[in-house]
Amino acid sequence: MKDILENFAQGKISLEDALSSIKLLSCRAVGEIAKLDTHRADRIGIPEAILAEGKNKEDLVKIALAHLEETGSVIVTRISDEQFVAFEKIDLPEGTICDKNSIARTLVLRIGSKKSSMGKVGILAAGTADIPVSEEAKIVAEEMGCEVISEYDVGVAGIHRLFPSLEKISDVDAIVVAAGREGTLPAIVAGLVDVPVIGLPVSTGYGVGGSGLAALHSMLQSCSVLAVVNIDAGFVAGAYAAKIAIKRSYQQKQF
Amino acid sequence: MKDILENFAQGKISLEDALSSIKLLSCRAVGEIAKLDTHRADRIGIPEAILAEGKNKEDLVKIALAHLEETGSVIVTRISDEQFVAFEKIDLPEGTICDKNSIARTLVLRIGSKKSSMGKVGILAAGTADIPVSEEAKIVAEEMGCEVISEYDVGVAGIHRLFPSLEKISDVDAIVVAAGREGTLPAIVAGLVDVPVIGLPVSTGYGVGGSGLAALHSMLQSCSVLAVVNIDAGFVAGAYAAKIAIKRSYQQKQF
Amino acid sequence: MKDILENFAQGKISLEDALSSIKLLSCRAVGEIAKLDTHRADRIGIPEAILAEGKNKEDLVKIALAHLEETGSVIVTRISDEQFVAFEKIDLPEGTICDKNSIARTLVLRIGSKKSSMGKVGILAAGTADIPVSEEAKIVAEEMGCEVISEYDVGVAGIHRLFPSLEKISDVDAIVVAAGREGTLPAIVAGLVDVPVIGLPVSTGYGVGGSGLAALHSMLQSCSVLAVVNIDAGFVAGAYAAKIAIKRSYQQKQF
Amino acid sequence: MKDILENFAQGKISLEDALSSIKLLSCRAVGEIAKLDTHRADRIGIPEAILAEGKNKEDLVKIALAHLEETGSVIVTRISDEQFVAFEKIDLPEGTICDKNSIARTLVLRIGSKKSSMGKVGILAAGTADIPVSEEAKIVAEEMGCEVISEYDVGVAGIHRLFPSLEKISDVDAIVVAAGREGTLPAIVAGLVDVPVIGLPVSTGYGVGGSGLAALHSMLQSCSVLAVVNIDAGFVAGAYAAKIAIKRSYQQKQF
Amino acid sequence: MKDILENFAQGKISLEDALSSIKLLSCRAVGEIAKLDTHRADRIGIPEAILAEGKNKEDLVKIALAHLEETGSVIVTRISDEQFVAFEKIDLPEGTICDKNSIARTLVLRIGSKKSSMGKVGILAAGTADIPVSEEAKIVAEEMGCEVISEYDVGVAGIHRLFPSLEKISDVDAIVVAAGREGTLPAIVAGLVDVPVIGLPVSTGYGVGGSGLAALHSMLQSCSVLAVVNIDAGFVAGAYAAKIAIKRSYQQKQF
Amino acid sequence: MKDILENFAQGKISLEDALSSIKLLSCRAVGEIAKLDTHRADRIGIPEAILAEGKNKEDLVKIALAHLEETGSVIVTRISDEQFVAFEKIDLPEGTICDKNSIARTLVLRIGSKKSSMGKVGILAAGTADIPVSEEAKIVAEEMGCEVISEYDVGVAGIHRLFPSLEKISDVDAIVVAAGREGTLPAIVAGLVDVPVIGLPVSTGYGVGGSGLAALHSMLQSCSVLAVVNIDAGFVAGAYAAKIAIKRSYQQKQF
Amino acid sequence: MKDILENFAQGKISLEDALSSIKLLSCRAVGEIAKLDTHRADRIGIPEAILAEGKNKEDLVKIALAHLEETGSVIVTRISDEQFVAFEKIDLPEGTICDKNSIARTLVLRIGSKKSSMGKVGILAAGTADIPVSEEAKIVAEEMGCEVISEYDVGVAGIHRLFPSLEKISDVDAIVVAAGREGTLPAIVAGLVDVPVIGLPVSTGYGVGGSGLAALHSMLQSCSVLAVVNIDAGFVAGAYAAKIAIKRSYQQKQF
Amino acid sequence: MKDILENFAQGKISLEDALSSIKLLSCRAVGEIAKLDTHRADRIGIPEAILAEGKNKEDLVKIALAHLEETGSVIVTRISDEQFVAFEKIDLPEGTICDKNSIARTLVLRIGSKKSSMGKVGILAAGTADIPVSEEAKIVAEEMGCEVISEYDVGVAGIHRLFPSLEKISDVDAIVVAAGREGTLPAIVAGLVDVPVIGLPVSTGYGVGGSGLAALHSMLQSCSVLAVVNIDAGFVAGAYAAKIAIKRSYQQKQF
């Protein structure tokens, strides 16, 4: 790069040529960083995910296979029955494991065995309507190599249902709490445990504040120390919890 | 009225005249109903209230005195210090009691003694910021003849603070629960008691869902059986609770 | 608990052990309270309700039967025709009464006879579009043991239609008033009667302020003393009115 | 214009020249129409108005005088005390009448006498807080030559107060009804009279739906036949009512 | 009523009896007024309208026939093809005229001939998407006895298309201007004519401000003197224009 | 026009006649300008476009053919498969080229060959979901005579993917950048290039800020120098970019 | 508790008595749990915080001293200059350290020395306007015992400014990224590092999406794995980051 | 970089070392690109701008001087009188020109003479309230080396005022059109000219759609080909117009 700049300074090459050369050079440099970043990212392990919603079957299969080939695994989220059938009809690469979760509406394709457990994540769902996004969170956290302990239907309506559930997840590194309607459960849990809690608002409830809005706003307004993800963003919640858990587990192993 | 209609049918009076006569007649009729309704309302006792905010001193004093004269009492809400001084400077009718509550920013003017106790109302405030509107609710309920038991700063942050407070208000007929930010307290209380709970959202909190919006939406979305009033509507909450309590007390006395 | 704490203080047990023991103990304690709360709740009688919307047939039937077994009755709300058929196909426990209301889209399952009347609730609907949620309110209030008097299509368009309706419900303990579009009826009724009025906004109306928003906001802004529930929340409105009516009736019987 | 086009077609003048010429020609044509439109507008008489809010004193006075000179009258709306003083300090053209209305916060400057009465407009205000914008509506309607009959504080709280007021304005050509908070009065009036009613929402009320929003939405959702203007748009409401009334009056005189 | 009050004052009848009697009396009184109001309303002629959307076929037919019988005519708005077929299958009262407009999605049922022309209404639509609600406005204005002149597709895109259209409607008494997306046409028309203009926002446009919102807001913000109705409220716009036109025409005939 | 005015001044013709004459004259004048404006517009070349969405097949075909006949080309946007079939069934004018783009959901009808290239436009799409509106932008820019270079799936997730894409479009005159969800790509590109960038928000993303809202708001808040069009407004973005590019190209050719 | 229940079952004590006894018992039980929870919380160390905004000086000082006495430290946030002066005038308990940060508008009162470092937190601010809330986050994380490395003004405008900053915070356990306006920085950072990133939207920016809304929405819509807190919630962001860091550090020390 | 990677592959250096080295290297690379980008940016000439609002005087002066030193010029926007005084009190570098525009509330500091004219920009303002942001746009465009022709107060109220203004700016390369309230002017201008138009919504107007919202939404919904910037974003609008104009002018000079 120094050469280019010197040549440019001495007028040996035109500005346009200098720019082109440098741009090319730096794109390559950026490319190298990016590749290594990919390697690092690979260690922490957020898998490639594809939102199936709104994609036609052919494109979806094509993109999924490309990711599978490149990284060894891929998660398809919000997959429809019809889209799933399209995957059944094709020949997957040899050794590909194909896990469908019809509640979470996810499909995991993976070549080789799952990652070994690298941390523990807890997932709580306030009501039955909060289970699908909770399962989506679970799938991604597991795929990232975490052990996941989930407890569903522990909503505040009967706060006594909460305590035994908290007991069961007492040694996790991070907890995702999914809740719709008024969405109070995450704040209550965050007030009771000493691991980071991720609030996952769910698009339930009708009328004003429905579709998860009241839940999201409650979590953002909460006096508890709580971080949130977007409404129904089960993938992000699960991956964030795993990110906390894995790093922690990784450090424990290092020392 | 029959006469008018017959005369009109027989063409003795014009349509315009018939209409005028009937309108006059019915306005009088409506007037009579209204007067009696006023009498009934008087028994149940929602006092006249004036929102001081945005009124100039002179008008405020004039309107308040008119109400005082007509009904024997008046509550001025959201009164400023400057407006209060204006009341101190005038000669109130003899025997007028003048109660100022600087937290609730209310001024009560009353000729004669307070009404005797006709029911019990409980008022809970989640945090210190919720006290002013809670006090406004208290003033109006008391003025309507209710005994009011209030417990402040019982917020969910420490749910153990809630139980002793609930204990103290265990025999009330209705409970107002004021809460800002995420506004979860009313729903929790409504799940624990068997008297009607009125959710009173308070305009605290910054950012998204601030100014009481998240609180209002949470209460509306709550799975508990809960009714709500508008943000900061302490007057309405207090009067509504008293309406429940008084009727109940009145029935108890009847039988 | 004292023992645990003393042992912990004297170092006989580790912190972790002490915490586990105490947590277990207190969960049990909380459990006991909860059970009694359930008993008390049972006396006041808000029945278990399941929102059918968004649940698959199999899950819906399973949850409903579980509730039926546990508490002796259950209300399924917003049930579709297809979901209803699923209930017809199964063998309900002997003696189960199965009441479908196709306007309210509710299904009540009950073992044994209805509760005897414990209070009176009035339900007014402004227009024909407000009838379904009004019926939902009616079903729950009746299931809680109230006598319900309903008057539909009494909207303000012809205010003269209102008076005879008010006459008919003159001795109720609480009134639910359902109204969509501009939603003015609840405030008008609240200005004319001395029992608590519950405003129930209905999701009618198109354009700005449609889907019940203008109705909800009008009720919240009303100068009358009025409490509201969320848009289309017929269940909550009916249960709240019954809560007022039953307590009152219960007190009357006590003395 | 034909010449220009022909010359252009024959290549005698360039495209640029043709365009310039035609543009010039048509701007003149448009100018002539505009002037005549101004004349017609003058007959119907919507006076020039200046929103004082946000303008500095010097500019405000300068603009007002320019309008006064050009059209013989001008209305300054939302004028502050400080801005008014600025008008007192200058020498107005001889014969200028200068009317200040401190409630409406308007200042009218007029050379010569007011227009003779050309129609009747009724203005109703629901509460005392609705008076300022009602007065603004009144000023503009009067300035357009209408006789205005106003009745204030006739709100629905006591519906019996409405009937005598309607009686007094029984022969107007159009009615402006100003209302804040839940804003129901315009719809009720529109259901009772046979002249067009203009709903004027007022920015009162706190909490959700406050600042006139619930009022505006209620009016838009109303089942009555009602047209509305923006929140606090007293000027538009008054001018619109006068537009109806004057045309009508004008027709009556013609025939 | 005087008797009742006197008897009550002398203790001959109980308060409860007095209230019942007076209430009965006044309901009757109100009933009488209401009837006459109906008569007056009948002269100005806003016909009964039924929103078909969301009603089942059987109820719709039943309600429509009831209105037809009572008032001699009825307009069904937003009728679906399937609902229309339901009307074809029944036997309408003899002499009933049945007009379907499939663009406006309206069905008019009328016994006897149309009202004779009582005024003139102009209706302008900015684009083709604005035609359905414009037709709805036209139907109601015609049914109220107005002559309607409509000009469609005169949008601002080519402002030169506007002038010939304005020419054609130069002698109307009121103009409805329908416009979606940015909704500027009503304000432009209101600046060019001296009759009242009613802005009718139409639910077209995607993205931010779509579904008629930008149109409604533009009209409310307009510097022109303009009144508006809700988005897609063709019925209200047409009836309001007719209300202006008929009264005017009626006055012209009187003198 | 002068004649008319003089005649009017001398009373030879009535005001009404003068107005009619002048209006006629000026409409013609305006018509002439409009025609020429059309000619000019024709040179810059924004083609006629028809939004197919919500139109029935017959009307759509009719309108499209009318435009085709008048201007030689037309673009139908958001066309459905069913609507497209309707075009296949008719006989198009001889020599009509008929280009369907099923991703962009556009149909171009053109008589004669495409315009020769007059400028260069770059189009970048952040993700696969942004391709349809990008293609819509591309179609219109090409139809206006621009060469279009498009690079898709260059989103920020891997910023290293951006640089080679920018390289490829290094000599364009304007760049459209389509992005959904958080919509950051346009601002980043605008910070890196020296040609005008048009931000095109795309309606992807769920939860709060979904449907393109967060994307639009991000672009409006951006610190970069960036102009935006509405969500999914591919047509406008493409035409705007072409407007910049063509004028530039046109100027280059002139000198 | 068992005794109470048995006595109740055998009818020795009334239901009311049983309930009172059990409630008392369980409140105590809950109290014990709460105390221990407090102890645990104490280890993880989220300090008591008081929002000074909206509190009067006297109350603020009183509450702060109470907390200080009880827990040994307290953070006052959003303190005004005037409120700070009030603290200077009082005698603080001996040994109290009093740290004011006028940029963050915080005041820390602490008895004894700061906690020893238990983890590392990184804080990045996009622009100068984002520094105050970043400092608030820093204060709380430090007070919880974390070492904090902060880098300000590293905004995307010049992405090359970001890399050296990331370098400096390469070994932290969690990163808070504060950004206003379009708020893209957190997502970019989350894509480049393998520790959890907390997005902290800041209330900058005017126009649509201003006051932090576009920033919040962007972060929620981001494709990166990111969790967020409310707008300007510096305290929550700092405490959440510390919660992650401390637990991690604590685990490292354990093993 | 190749060396590093090879060493790493051969295990000569640790992963951590390799990463550090490469990161360092690439930051430098990115730095070089950035510098050159700065140079290119410099040629196109968007000057550094500082938003004065919310900054204290000392910081503002310091930042401004730093920019001035680095780039030779700086624009301070939304400067208050008090902040301006702070600049008057300091010693600016010799030869610094200091231009204050009190309408636009801008301060330009520049060392050396203004750039020579490189293109022409037109700026139109609909009303007087739109002048300040228009002036802000003008300042930045001039500072970037453009000749600016501005025409103010050309609003649609009198469309005939528009044509002479358009005439005057007939040879510009881009036009900024500022408009508040309903914001229709930009769309009208965009329909009449063949250069790109930038819509600049202004925060005027009260009630619904006020503060510039209706204006922004109208512009986004417009059928014309129009791009917009955020409300009151005069700086962005001016810089964007200049970006178009300069590039064009630059090309003209090249060939």
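Note that the chains are named A, B, C, D, E, F, G and H in the order they appear, and that numbering of residues resets to 1 at the start of each chain.
Note that a residue touches a chain if its C-beta (ideal position, glycine included) is under 8 Å from a C-beta of that chain, and two chains touch if they have at least 3 such contacts.
Because the structure is a prediction, the values reported are computed rather than measured.
Visitor: Count how many hops through touching chains it takes, at the least, to reach chain F starting from chain C.
Guide: Each step joins two touching chains, and the minimum needed here is 2.
Visitor: Fit chain D onto chain H over the CA trace and report the rotation angle, somewhere between 0 and 180 degrees, nearest 5.
Guide: Rotating chain D by 90 degrees superposes it on chain H.
Visitor: Please tell me the distance, in whole Å, between the geometric centres of chain A and chain B computed from their C-alpha atoms.
Guide: Chain centroid spacing, chain A to chain B, equals 50 Å.
Visitor: If you average the Cα atoms of chain E and of chain F to get two centres, how far apart are those centres in Å?
Guide: Each chain's C-alpha centroid was found; their separation is 38 Å.
Visitor: What is the distance in Å between the mean C-alpha positions of chain D and chain E?
Guide: Centre separation, chain D to chain E: 25 Å.
Visitor: With centres defined as the mean C-alpha position, give me the chain D-chain G separation in Å.
Guide: One centre to the other, that is 54 Å.
Visitor: Multi-chain contacts in chain C: which residues touch at least two other chains?
Guide: 23, 26, 30, 33, 40, 159, 207-210, 213, 216, 220-221, 230, 233
Visitor: Contact residues on chain E for chain F in the complex?
Guide: 128-129, 158-160, 163-164, 167, 204, 206-209
Visitor: Over in the complex, which chain H residues touch chain E? Could you list them?
Guide: 155-157, 159, 181-184, 187-188, 191, 205, 207-210, 213-224
Visitor: Hey, which residues of chain F end up touching chain H in the complex?
Guide: 37, 40-41, 43-44, 46, 173, 192, 194-196, 198, 220-221, 225-230, 233, 236-237, 239-240, 243-244, 247-248, 251-252, 255
Visitor: Using the touch definition up top, name the residues of chain G that touch chain B in the complex.
Guide: Answer in residue numbers: 23-24, 26-27, 30-31, 33-34, 54-55, 59, 63, 201, 203, 212-213, 216, 230-233.
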